[in-house]
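What follows is chain A paired twice: with chain B in the first complex and chain C in the second.
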Partner chain A sequence: MEIRALVSAMWRNRTGPILVAAQVAITLAVVVNMAYLIQQRLETAAKPTGIDINNIFWVHLEAIDPEYNYEAAVRADLDYLNALPGVIAAATSNGTPQAFYALGLPFAVSPEQLDKEGAHVARVFMANEHYLDALGLELIAGRNFESSVVAPPAQDVPSGIAAWAPEVIITKYMADKLFPDGNAVGKPLYVGLVNRSSTVVGVVKLLQGAPMPDEQFALSNVLVPMIPPGPDSFYIVRTEPGRRDATMARVEKELADRVPGRFLSRIEALEKTAAQARFTFRSSAIILSVIGVFVLAVTLVGITGLAAFNVTTRTRQLGTRRAIGARKFHILRYFIVENWIITSVGALVGCALALAAGIKLSTTYALPRLPLYFLVAGVVAIWILGLLAVVVPARRAASISPATATRTV
Partner chain B sequence: MLLHDTRLALRSLKRNPILSLLMIVTIAVGIAASMIAMTVYSARAGHPIPWKEDKLFAVTMDTRDEGPPPPGLPLRNYEYPPFTLGYQDAMAVYRSDIPRRSVVMYRTGQLVMPERANIKPFYVPVRVTTADFFAMFDVPFRYGGGWPRAADTTAEPVVVISKYLNDKLFGGVNSLGREITLGGRQFKIIGVLDAWMPHPRFYDLSGGGFDLPEDAFVPFEWVRAGKMFPQSISCVRRTSRVVNFESLFTEECLWLQSWVELADSAAHARFQDYVDNYVRDQKQRGRMPRPLNNRIVNVSTWLDMNNVVGDDTRMQVIVAVAFLVVCVLNTVGLILAKFLSAAPIAGLRRALGATRLDIVRQHLTEVVIMGLIGGALGLILSFGGLRLLHALIFSRGLETSDNPARLTLAQSFTHMDFSMLLLAVVLSVLTGILAGIYPAWRIGRLAPATFLKTQ
Partner chain C sequence: MIEMNNISKVFRTDVVETHALRAFSLRVEPGEFVAITGHSGSGKTTFLNVAGLLEEFDGGTYHLEGQDVSRLSDNERSRIRNEKIGFIFQGFNLIPDLNIYDNVDAPLHYRRMPAAERHKRITAALERVGLSSRMKHLPSQLSGGQQQRAAIARAICGSPRVILADEPTGNLDTTMSEQIMELLQSINAGGTTILMVTHNPELAQRAHRQVHIVDGRIDQIHHFGTVQRASAAAGASA
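What follows is the complex of A and B.
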């Protein structure tokens, strides 16, 4: 194949090819990094939570009567909710996972470790004996809380946290981090801020506090057996599949009026809460995809445009080549190879650009470095799309009849 | 002459309608993407109170422990001190008489009990603050005003409410002297605000900064008198022990914003000295182990430190501009192709006496016209795109609020103001010129004889 002739012909009219190569380079850099970011965002949004999200709702009640007996009301509400037909379990807590609400505390194995190595910050969820069932969490070691260990409500959040509890349940992620040599059950866990220690009695397989890119922040969660301080109450209710909405409607109608001096301020399916927490990840993924598609489309138009222009200006030359023996296949091959060289040069420059942009991206967003297979996939995609973009004009070139050469244009 | 150039340009555009359309659409999408990204960017990057840029300062002190950042916390810019202060440090700032005005404050949420039975009790965000807040941030009043400084230490039961709360509770009439129940206590209304939406809400950037101001403002001493727990609190030091509400005042917990208004740069220098000396003194007492790092910063620096614009917004602008560059490169290629294919006409015109400059000018006119048409189309596209963005993203959650200011806030992100329109025009002309200058120059350079021979 006449590569040298082809290249030197291209060099004589280099403006067009250089423009297309530059487009390809920028496009590759943009699209590869966009794709990586989109993948990261979607992956964060799609990570498993360990929670039976679709069958859970939560409800929040506000007390307005100064005489309101919070503790009695919580006991009565939990009895009522747990006895409802279709309800698997109902628990009270200080807030639901999957929302961005967070009570974070510093944990360590011992005060010495906390001082030396710093804290393992984890979210704290107040729980009772029904909490695991109410979220559908899987206990993989140890045991659940007994109802007798669940502390009555404290005056306010600081005093509740300060009193702490004799036992806690932690996530497997946290157990692996804090107790790397195996069994966490039975070991003490130290809480920095309140200077207390308690025994780990159980380990749950997975509990994602909130969908966040940072694994440690998402998966480090501690359950502590206590009724949250009042006077507002918060309940998490899990139903049998398919009975969530009906139960929600019934609870919305009945629950608040069972005890005077309060009202129901919010009731929501956990599915909705979780979707809202993922909204920013999803929406930015959509925006980035739209931009990526546009960039690609414009570049492909550019490739097609250049090839079409070349076909038009070279009509006589192509006719001549056909007349002196070149076959359709040769013409087709000529255009495809020419285009391939242009896209490859562009892709080569694009790789450098993409890597540079990737480094900036990973420092800005604290992401791992752009994986090389994204780059490889990007180059292959550019080759294929470039090929598709040139096929139509190249076929038109191949179909030029040899007789054209004999006519004047 | 311009008319003649324009006529020729239009004729040339009509000669290759598909190619012309392709170029116009390419320019249009490039400009639309850039305009959308820049509109959202400018909404986030605006200065909320430019006339006080050299007067208002946020006060921060480095109260952190020594050592590396705690793992697992997504801490950005660890070089900066924390953005909030603890009680005793904030009070030390407040005691200084160097600032003309000084504010210590925090945000909380409290239940409002309406007197009218048809409204359910509801939560409102409340700012517990010292008296200077309103004068310092130029908060507009509709009725009444703020409280005297003396009210800060006595927990006087007075409240300033927002326009929204006044509309909701009192139908918008002058409600001065009436009472509302806030967090179970009666407060007398002494002021009603006019519409006020600092954008971003610079004085408290927790939660991203794009939120409405609070709906009620009460004197600072209510923190104790009303046990109004702060909405966000962080107890940073390893030695902090939180046992009850009083711990807020005695322990190393960060929950207060501190702002000062300083007369001039000399006052700023003196105040910086004052804070530094305070911190040195605290070091003697075994507190604040880190090197001196107290930043007393103006609003722009403060917004920058807090990354209010956001990495995503910044990246979207970069990507959109890269996209516009691709579009321009693309258009250069297409225009070059188009001009070269019409080179014989240019050759003929040269032969008939047109100068080289005439040819270049005529071709540039054509490209600028194309840029303007593309720009106009791009503007329409960006209006559509911004609408879509509003519907899909910014209008989220509006249906759960009856506060009309929420909608205004949401729309501000996708609102194109006059300067943006101007930018669009400049951008489209610039795009046209950038895309056309090389092809026009190439055409102008061609010797007319080459083309005349082949005719």
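What follows is the complex of A and C.
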């Protein structure tokens, strides 16, 4: 096959091929980056949380009586919840992980590091001695909080934070980042804004604050022993497997009325909360997939269209080629090679575009760089797609009768 | 060379059946120059297409150089067209996007001929038709007569046994027609069998034989001369 003759013939009618190659290039750049985003999102949604999600629910109570004694109510409620049959542990907190609630503060191993912008931003969860059990977190170093260090409720969140606490529990991810020598327990941890330090007393293996692509945001979490400020109360309850729904029903019926002056405003399985947090990832992954398939389909139509147009306009020369000895195979090959050159030129340009777009995306959305195997897979996919797109017109071209040469003038 | 016996060819469409060839029998000797004449629609092109393996036929037998061609596969038919037959068309049928050199090369590269051999043949054929200086031109940059000469170069560069020409001068003026006719006669003088459809009685008379077709049948055959070459004359039956 004379590639040179084929290319120069193509160059004489370059508008169509250039347009289709451009379409292929844009498609490759768009689809590869979309596929990468989709993969990132699905991967994020599927990451382990370290939490016993299926057996946990949370409940929120709102006080309406100005005389309502929040601190006494919390102690009574926790006693009640922890004594319920089937309950493993119940704890107070300021909000549940897996929701996009966030109270973030900068942390560092020294005041200097705090000043020099080397601070590590982490999410703060208020906890008590039951918190680890209430979420099913695994403590891998140090110890849990003693009930005696759990600070009573402050007037409001800022004053609670300002008072801070003498000790904290952090995640292993954060411990590894701040204490690379591997020994976090017993070390001081400085808290920005409030300018205090506490001692790290324990490290939990994993606690995913919320499903986010960026590991640093997702996995940097600090537990601080304090009852959150009232007057509304928030409890996290973990049951034995299979007993969550029954326990939820009972709590919904009994809890609020145990202390007058309040009502139960919301009770929800953590499973549902977590699923909702992932919903945006899943739905955007679906939307991106649909768009990606659409873009590919449009390109397929473009490739097929150009090839079909070429078959029609070349009918006479195809008949002539057959007359002077081309086999069907030669005609098929001609169209496939021509199409392969167009898609490959497009793919080459597309790779450059994809890399540029990938760099832009990764800096804009703080994502890791587009891995090269996505590009390789994209190019292979474009080749296969191009081949599929050209098969039908190429076969039509090959079936043109050699008699066409004498029958068309 | 060509031996057709009782060939029939029917075109069927939803509404009509056209008997383009009926009980068509013809024997062409090697080295002969046969002119085919007849009114429009009489079946001249159909005959040429059947002879050139461009179209299949419905009944009868056809031997090309002794080979029965009725049961050949599409690939085998392509190979025979490529190696044994040269085609010249009324509309020249050069490939518009290829220059003259590449056009002449086309049948050779379907034959997987080595590049050096191809180059030799292409330049020789273009020299023969007087187009050596136009190798890099596109067909659209040549006159009709030049295009037809390029097409003749394409037809002869593979050294075919027979050339089939369907009104090769139909689109050309008298001077150019004359050039083409002289070229074909000189090719024929080299031993290549030629079958040429023409509407021009003067050109037809310059062939060895004129076969006149009416309604898909041979109506008359006129003899104007005999094949001069000894080997071909020995095989002639008439």
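One rule holds for everything that comes next: the second predicted complex is superposed on the first by the 380 of 409 C-alpha atoms of A that agree within 3 Å, B and C clash if a C-alpha of one lies under 4 Å from a C-alpha of the other, contacts with A are read in each partner's own complex, and residues count from 1 in each chain.
As a working rule, a residue touches a chain if its C-beta (ideal position, glycine included) is under 8 Å from a C-beta of that chain, and two chains touch if they have at least 3 such contacts.
Because the structure is predicted, anything quoted here is derived from the model rather than measured.
Judged by the touch definition given at the top, the superposed model places A:H330 against chain C, while chain B stays out of reach. In the superposed model, A:A403 makes contact with chain C only, not with chain B.
In the superposed pair of complexes, A:A5 makes contact with chain C only, with no contact to chain B.
Contacts of A:I26 after superposition on the shared chain: chain B is touched, whereas chain C is not. In the superposed model, A:R322 lies in contact with chain C only, and not with chain B.
Between chain B and chain C, the partner in contact with more residues of chain A is B. By the document's definition of touching, of the two partners only chain B reaches A:I291; chain C does not. Shared contact residues on chain A (touching chain B in one structure, chain C in the other): 409.
For chain A in complex with chain B, the touching residues are 15-16, 19-20, 22-23, 26-27, 29-30, 34, 62, 64, 66, 106, 114-115, 118-121, 155-159, 161-162, 192-195, 212, 214, 216-217, 220, 263, 265, 279, 283-284, 286-288, 291, 294-295, 298-299, 301-302, 305-306, 308-309, 312-313, 361, 364-366, 409.
On the chain C side of its complex with chain A, the touching residues are 45, 48-49, 52-55, 74-75, 78-79, 81-83, 87, 89-91, 93, 95-99, 102, 105-107, 109-111, 138, 154, 158, 166. The touching residues of chain B, when paired with chain A in their complex, are 19, 22, 26, 29-30, 33, 67-68, 70-74, 111, 113, 120-123, 184, 227, 229, 235, 238, 240-245, 247-248, 311-312, 315-316, 319-320, 322-323, 325-327, 329-330, 332-334, 336-337, 340-341, 389, 392-393, 396, 438, 442, 454.
Residues 1-2, 5, 8-10, 12-13, 316-317, 320-330, 401-403, 405-409 of chain A are the ones that touch chain C when the two sit in their complex.
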